[in-house]
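Each in structure tokens, the structures are laid out below.
Below are two complexes that have subunit A in common, paired first with subunit B and then with subunit C.
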Partner chain A sequence: MAILDVENLSIRFGGLVAVDQVSFQVMPDQIFTIIGPNGAGKTTIFNLISRLYEPTSGRIVFKGTDITRRPPHQIARLGMARTFQNIELFEHATVLDNVLLGRHVHARAGFLSQLCYLPSLRRDEKAFREVAEGVIGFMDLESYRRTPIHGLPYGIRKNVELARALALEPRLLLLDEPSSGLTPTEARALAYRLKAIRDRLGIAILMVEHNLRLVSDVSDHVLAVNQGRILTSGSSDAVQRHPDVVRAYIGE
Partner chain B sequence: MIFLQQVVSGAAIGCIYAMVALGFILIYKATETINFAQGDLMMVGAYFGFTAVDLWGLPYWQGVIVAVAGTAVLGVVIERVLMRPMIGLPAFAIVMVTLGLGYLLRSLVTMVPGWGTDSHKLTTPYTGQVLRLGDLVVSQEHVVIIAVTVVLIAGLYLFFRGTRTGIAMQAASQNQMAAGYMGIPIRRLSTLIWAMSAAVAAIAGILLAPLTFVHAQVGLIGIKAFPAAVLGGFGSMPGAIVGGLILGICESLAGFYLPEGFKDVTAYILLLAALVFWPQGLFGQSVRKKV
Partner chain C sequence: MASNDLRIDHGQDLVLVPGRAAALRWLLIGALFVALPWLIDEYFLSQFTFICIYAIAGLGMMVLLGYTGLVSFGQAAFLAIGAYTAGALETAGVPFVVALPAAGLVAAGAGVMIGLPALRMTGLFLAIATLSFAFIVEEVITRWTSVTRGSLGLIMPDATLFGWAIDSERKFYLLCLGILVLCLLGVANLLRSPIGRAFIAIRDSRIAAQSMGVNLAIYQTLSFAIGAALTGFAGALLAHKLTFITPEQFGINVSIEMLTLVVVGGLGSLHGVVFGAAFIILLPQVIAGLRGLLPDAIANQTGIETAAFGIILILFIIVEPGGIYGRWQSLRRYWSEFPFCKAGSFKRQRSFLKSERW
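And then the complex of A and B:
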């Protein structure tokens, strides 16, 4: 059974149909990648699924729940986390605090126990800290734990954002161009981590990606879009060889 | 000794500025808009206090709680009815709405039966008493203002540092979109911030009422609290408090030692000096844009 089911999704900005009748399914053990030339509508599809935009028509079903009209904070609670093309972090907080904020959806302690620092809160805090440390270790961020975000180099910030998304312990991770701005070495480390996220943590990944070598390396399923429409979908090799895809990237 | 006397009474008024400035900052950090009706919320809070204590005859502290809660509800209504439809519009448009709201509140209160255009006196159990510390004589009104401000600030500090809601508010003030994807309900928090900000304004209004009486123009003090917020570095809560205190004390000293008229312009001289010499404010974070 699919973890994410997108049915006939469309959005219109004024007269422009940015996403037109797009349907696809992401399985729970998949790395699912959307490719396409600039302006194809990839990020728009992303912003529709993560509920930043209101679709004009269509349906989004996540883990059996219709989320087409749910606000972002509710889909986070259902188990969907995302990263952004331009990195959205809490700039004045430390790396550790950013990652800990990812645990917000799991906080249980009531208001009174928070004010009085009761044992239930201490248990919560201890468990949160353990998860956060695990994620920080996984992303190789140990030495930056207490460093505020502003002032960190780009590649590190990118890792912090992924770490924070993992701290939510989501079932589905949405990554918007995870390799953009990374050095080739960092991109290889990313490929290894994406596979580990799928295999060891059992989290499905839906990503938009430009680096076709990374796409071939990690993707279980690739969807090619252009001008808001689906061109083709299937294995990475088949999609990259498909004549419509070649034409969309290179031209007639 | 006269100097110290002036400092203490200045600090008390400074606490009022600090509370109104805190209201500015709370809303600014949560929504990136400036609520120019903050002083008028304070005025409404004072009227609510007058109504509960003097018109309805509730015991003072009960009346205060009713008035503060009532003003908080008004804050929620303002957020839901006026501010929410403005989400996504330019900051300028939102500021104009708050300016209009201020005018509206100042006019509306004069139409309420029992309020009218007269000045009213809010009766308190401590009016007229003084506290003697050696040679220093402090009026009980000033003592209460300072004490309540200290408690309020401590409470806000604990709230923002120690509770999940407070930390969620801090996160949302740094990056709303990211906070939303951490499961933080942004809109509900913004409603809560308006309630808190209105409640702080009401407390300030009720504390100030024994010194200035209750009338429709009392909220114009908000225009003086604005320089206090700027002085502290707009966006910093400790800054708002220190800025308010500095302003109150300078104003009090200027009123005593300088020729007549200086007292009323002190706030603006400070504001200009702050903008020229420390444009990022005492506690502001200087943000240098990377190009």
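And then the complex of A and C:
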């Protein structure tokens, strides 16, 4: 069964139909990639799925639950985490605190135990740190643990954002252009990690990506969009050779 | 600082004061403040009492603005609500130990009332909403004469602590100091807990906070409630300190003082609250002292203090957004690395361009 089922999703901004009757399904063991030229509506699809935008029509079903009308903070609770095209980190907090926020949906302690830092909270915080340190190790961020975000280089910030999303222990990860701004070496490390996330952690990935080599390397399924509409979908090679896709990219 | 960088156990992260040296330092600072009444005369002690009270009120503003990124131009209202709740209750014979938490609770209730409709507002709109709220509260207090005696003013009885009268400056200072320490501990605990991380997340990126599961409605309202409660406690103490309260004592200038306090002290730091409070209380003294040195034409102008506050607030926002505490930290870093510092490495980081779309 699909972990994410998007049906006839559309959104209109004034006169512009940014996403137009888009449907697709992501399977639990998949890296599912959306490609398309600039302004195709890829980020808008993400913002619709994470409920930051209100769809004009259509349905979004995540893990069998209809989330089309759920408020955005509930989406994380259901097990979906995302990163942002322009990186949205907590600039004045440390790397560790950013990653620890990923545990927010798992926090159980009440107000009084937080006010007094009772043993029950202490136990929770310890457990949160164990998960966070695991993720920090996986993302190679150990040496930045106590560094505030502002002042970190771009590639590191990208890793922190991914680490924060992983700390939530989601079932589905939404990654908006994870390789943009990375050096070729960093992009190779990313490809390795994406596969590890899918195979070792068992987390499905829905991503938007421009680096076609990375796309071919990791994707199980590719969806091409242009001007808000689906052009084609299928294996990475087939989609990249599809005449409509070639035209959309060259025709720009 | 540097010696504590290596952690070998998560427990090390969970202590409030890392290491023996820091604990010893805090102990010494604490001992100094407890001994203060026996070291300085009553007039100066009275200034320190005011600093404690303002620090408690400023702590509320710090939670709100410094940690959650929500601006409030209405802190005077919470201060007034705290003061008059304590005043009305204690006049009716309720003991101080009950009146003080009640003052915090009623102020927190008011905080929720303003926090809920303010959910969709940030920045300028929030500033205007909180400002109007403060005017309404001032108006209500002036008109509700059966409880507040309006502009006739309310005389505060002496506070009693379990039958023990707080009847000297010395005792009252120690009481305020104790409450300040408790409030600081509580807030420090919250800040290193999920609630504090959620506040900071909202401050730095509302959109990411939301997508990581933070319910903006709940946490912003909570921040208003905590900020108001702390300011309410301070209001109750202030009422006792002043012994006589009138609605005019809680005007817009007090809200501006609170804003100046956290900006000058240093947004996003608990040390900053204390530095800022000291600044707010001591600046008028300094100005009074300087008056003698200024030419008569300037020295006799009214409103010099307000002007000085305004100018300093603007200067800090432009030149040192880290506040006094930020300045202090960069000086410390500068000296600890002294001959090896590059020019410019202590300048502010240019932050990455933020866009409205994500």
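Just so it is clear, the second predicted complex is superposed on the first by the 251 of 252 C-alpha atoms of A that agree within 3 Å, B and C clash if a C-alpha of one lies under 4 Å from a C-alpha of the other, contacts with A are read in each partner's own complex, and residues count from 1 in each chain.
One rule holds for everything that comes next: a contact is a pair of C-beta atoms (placed from the backbone, for glycine too) under 8 Å apart; a residue touches a chain by one contact, two chains touch by 3 or more.
A quick note: this is a predicted structure, and the numbers were derived from the prediction, not measured.
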item: Clash or fit (per the criteria above) of subunit B with subunit C on subunit A; value: clash
item: Winner by number of subunit A residues touched, once subunit B and subunit C are compared; value: C
item: Partner chain in contact with A:A107 - subunit B first, subunit C second, else both or neither; value: both
item: Which of subunit B and subunit C A:K126 touches, first, second, both or neither; value: second
item: Touched partner set for A:N47, first subunit B, second subunit C, both or neither; value: second
item: Touching partner for A:A76 - first (subunit B), second (subunit C), both, neither; value: both
item: Which superposed partner A:A93 touches (first subunit B, second subunit C, both, neither); value: both
item: First, second, both or neither for A:Y117, with subunit B first and subunit C second; value: both
item: First, second, both or neither for A:Q85, with subunit B first and subunit C second; value: second
item: Candidates 2-10, 20-28 or 182-190 of subunit C: the single one with C-alpha clashes against subunit B; value: 182-190
item: Overlap of subunit C and subunit B interfaces on subunit A (superposed complexes); value: 50, 52, 71-74, 76-77, 81-82, 84, 88-93, 101-102, 104-105, 107, 109, 111, 114-115, 117, 164, 168
item: Residue ranges of subunit A touching subunit C (in the complex, touch as defined); value: 43, 47, 50, 52, 71-77, 81-82, 84-93, 97, 100-105, 107, 109, 111, 114-117, 121-122, 125-126, 129-130, 133, 146, 150-151, 164, 168
item: Subunit A-facing residues of subunit B, complex; value: 158-159, 162-165, 167-168, 170-171, 174-175, 177-187, 285
item: Footprint of subunit B on subunit A - complex, ascending; value: 50, 52, 71-74, 76-77, 81-82, 84, 88-93, 101-102, 104-105, 107, 109, 111, 114-115, 117, 164, 168
item: Sites on subunit C touched by subunit A in the complex; value: 5, 10-11, 13-14, 16, 186, 189-190, 192-198, 200-201, 203-205, 207-216, 222, 268, 349, 351-352, 355, 357-358
